[in-house]
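What follows is chain A paired twice: with chain B in the first complex and chain C in the second.
Now for the complex of A and B:
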């Protein structure tokens, strides 16, 4: 391998990327738009959920109960219904996502037997939102119940003895504010790396085939290794620059904490890039058309990263067979490492399993990629 | 043989065969090319010219036979071969999205031209291509003739002793073609061996020797003069007549006529006896309603030789 040839190759490739509007768009604009769109758009937090109420009792107690919903940051009472029909219409039209119905005997039952119930109807087309909404609603109801118990008196007007046997005080670690953005942004870095890396490189060899420059390249003494390293070097640098951009944007714009070492972040990113670039290159060698290569590139790198890396969809919530598959998804290790770096501040030794997995992956892909490109036209 | 020193025959091919499935593109082709010699590969499209050149450059592996280029076996040491050759073809181009100088610098780097001589060689290539002052233009914006001369410039940046040119002048205007051949002759004067393929028959005259190739086989290999001196087995007549189609149908049946071929709007007719035919043919033609405007004896061209050798499969005229 000769450095002169490697350099000539890298310079040429850089110039080509620089002059190709499509490549430039992917390299420069993609990280920004992805970060922006997903950072703002991908929000799993539920706040100000529209609620419709139907108070069939209209007593002081029932109003006090509903006030608690209004006071909660999670709910907004948007409509007061006069009958069940209105609730149904409201849910159907998406005007509200939760409906609370208070029975006519709410206070009566509460005073007589100390137990009462309210009905909650939830729009579960989005199960995730529905679950969370129910959880929050339960918490509001729970708060009301506790206060009701405390203020309850026996028939003689004396306060009832009330003891809460176990009280849980929870402390949330790593993502104290429970902001879903803090959990999403680190994963987006992986998504962008996969997107940029595979998209750019998948075009690099197919471009030579389509423009007819491959034959010329093959007729020169340049070695396959020089072609591969020379071609990938610029994309590797672009990838690292994009990663740095994502890190800065995530921390300073979105305010996501970064508690790990920046060096570890770049070690993990470099390993991930080797895998992604290698896969993109492999595809490019095998698929001679640019469009085909780009599409397969997306399929092989972006899709598994988006769906199976645990970037947004928790792996431990997946069915066991799918969980097993995720071990094959190289992005999984990177996403795990990224989340740990951003939120937990894990050190390089804590992340040894993930980094090691990526080293193995990188070695395999590099080996295959180096052997893929043959210098003849047969 | 592979000692790296340039032997007296920098290119030698022995029984080269290339098959693609059932199709035999190159069928036992053998030849040697001397130092400073320009050898022309002549033949119609699909005759196997490009395939032979690609095998010699190490782009394709021969199915059978072997070849030595610059003293290296093309099968065993293709990379060494590539260091000693320059290759260009009209079928592919330089990098259109790079400028003239960027292309030259790229190939200079790939061929590892020493840094101290590269600027001077680049300047030479730019001048040779007639692109002085346009070094920073994108190659995609250049017209065909310039592109081809620049491609030649890139192919000789590392001063290879051997040049393979695969239809280098295809699709280029006559003036550019003439300039291109001047360059090739200048290189051959410096001792560069050139193997050049073309389907322009008139370009044959520029070569020292010509290999006529048809359907993968080498049908003749000699100097243009020697080829033309070869007995055609008769005399060649030029006939201008109207309508030409009727004449093409009628003439082969006439006594003493061997071969009829259309050249532009005239006919070349191979006959036993020129004088007899000049008196006999016009009346015969007029009997078919064909008016003879001109009939005379002419000297054969390479194209006539080719038509006579391969019988009908005709190459393209310029």
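Now for the complex of A and C:
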């Protein structure tokens, strides 16, 4: 291996990237659009959920009850229905996602036996939203119950004694305000790295085949190892630049905490890039058409990163066989490391298992990639 | 005119027939993605790993904690004996939730006072944390209500204690078991269709341009309009087949019901395909190489995916993003596809979305055909 030849190869590849400003622009814009859209768009918590109410009693108590839903930031009463049919239509059309029905004997039962029931019909098409909405509705109703209990009086007008045996004191660690943004942005870094790596590198060798420049390359004294390193170097730099963009944008624009060490962040990112670029290169050597290479590249790098890394969908909720598969997904280790670096402030020693796994992966991929390219024309 | 269009259609199908790779890519990756999505995409919360620290060690504290053992929402993975152990379990992600009962818990309860149950949650995954907190609240609330009722029954709560509560009976419609797959599988059908059709259309046209066969077509007697029709008809048919394949596979494998009218889904799919074909042709007019086409596909499709409501509810987005979602054909298609699969609603509920897709489809196809004609001159 000669440094001059390696340099020549890297310069050639850099020029090729540079002279295709369109692709370069996309590679550099991608972090921004992704961060921007997911940073703002990814919000699994609910706010202003449209609610339809059907008050069959229309008393002071039932109105007071509904006011609590109106006052909550989680719900917006968008419709007051006069019968069940209106509720059904409204849910069917997606105009509301929660319907509250107060029975005609709401106050009566509350005064007589102390227990009253209210119906909540929730559109469970989106199961996660439905789940969270039911939790908040329970909390709103719980608040009403407590206040009703405090202000209730017995038949002689004396205040009833209020009993609330257990009170939950909750503390949230690492992401104190339970911001969806803090949860998703560290993962987006992995997603962008996988995208850039897979997309750009999987084309590098196939392009030479399709354009016929491969024959030129084979006739030069450059060795396969030099081809690989020279071709990947510019993409490695682009990847690190993207990672730096992501870090700066995430921390300063979105205010996501970064509690770990920046150096650890770049060590982990460099390892991840080696794996992604190596896989992209391998595919590009094996598949000689550009579109085929790009598609397969996305399938083996982006898809697992998006779905099986725990970036958005929690791994511990997947069926056990799928959980076992995630150990083979290298992005899993990177995402775990990223989340720990951003939110938990873990040090390099806490992350040793993840980093080690990535080192092993990087070594294997680099070895395979180095052997893959042979200088012949068949 | 029709035989000229027919020729192009035949040519496209022959190309597809001779390209084994292309056929493979049309069938295998979408099915793999459907499988992975179906199994991996879930926001459900079960068996949350939990560490408990009972520093009271009384009947009451044990009773409360045992309620967490008997639910499939939580799984006790560790019984700690010090606060430091609790902190370490959370730090190392061995547990996502910690339940801590301090000494004196039972004493407070027996005196009729309020006793705290301390809950520590790892907020790294904000969604899991939020839902898990809801379940802790529910279980602690039930225990509390039972304990209060017990006090009242035994006359220990004072002469004039009487529980006053409002119960909330929740009824999830359309998906009574709250099965997350019912939500995701139809969504995957829409998303995959978008990706496959846009990619196919854009790359097929750019490839002809790149290898120079587009010029050959231009010198043939075919008119630009006929060329576009001849090129889009095959992709339209492939798109329909793709929807049928992925939808049939997904529903059969994951047992997702289809309660609506297939004709309405067909209408929605046709309208949606207009948009995707238009988008594909539009991208092909902007790009010179397949690599560029591929990169721009990604650049365009990713935001469409994020803004579609596929996984992230649109109503929780900032208002400006909500406006942007109206430009996303996938947004409307997901409403139609979920409406027909799960809700079983008809045109009376879905017409606004159909209209939205029709408008976008005509707009996109129109612009793309105009641009394509120009790029041929």
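To be clear about the criterion, the second predicted complex is superposed on the first by the 373 of 378 C-alpha atoms of A that agree within 3 Å, B and C clash if a C-alpha of one lies under 4 Å from a C-alpha of the other, contacts with A are read in each partner's own complex, and residues count from 1 in each chain.
In this text, a contact is a pair of C-beta atoms (placed from the backbone, for glycine too) under 8 Å apart; a residue touches a chain by one contact, two chains touch by 3 or more.
All values reported here derive from a predicted model rather than from experimental measurement.
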First (chain B), second (chain C), both or neither touched by A:339: second
First (chain B), second (chain C), both or neither touched by A:64: neither
Partner chain(s) touched by A:262 [first = chain B, second = chain C, both, neither]: neither
Partner chain(s) touched by A:110 [first = chain B, second = chain C, both, neither]: second
Touched partner set for A:352, first chain B, second chain C, both or neither: neither
Touched partner set for A:5, first chain B, second chain C, both or neither: first
Touched partner set for A:26, first chain B, second chain C, both or neither: second
First, second, both or neither for A:220, with chain B first and chain C second: first
Of chain B and chain C, the chain that contacts the larger number of chain A residues: C
Residues on chain A lying within both footprints (that of chain B and that of chain C): 20
Residues of chain C that touch chain A when the two form their complex: 21, 25, 29, 32-33, 36-37, 39-49, 64, 90-93, 109, 112, 114-131, 133-134, 136-138, 140-141, 143-144, 147-148, 151-152, 157-158, 160-176, 178-180, 182-183, 199, 203, 207, 287-292, 294-296, 298-299, 302-303, 306-307, 311-313, 315-318, 321, 335, 338-339, 342-343, 345, 348-349
In the complex, chain A residues that touch chain B: 2, 4-5, 7-9, 11-12, 15-16, 19-20, 211-216, 218-223, 375-378
Chain C partner contacts - residues on chain A that touch it in the complex: 20, 22-23, 26-27, 29-30, 33-34, 37-38, 40-50, 65, 89, 91-94, 97, 110, 114-132, 134-135, 137-139, 141-142, 144-145, 148-149, 152, 154, 158-176, 178-180, 182-183, 195, 199, 203, 207, 289-292, 294-295, 299, 303-304, 307-308, 312-314, 316-319, 322, 336, 339, 343-344, 350
Sites on chain B touched by chain A in the complex: 54, 57-61, 78-79, 82-83, 85, 87-89, 91-98, 102, 105-112
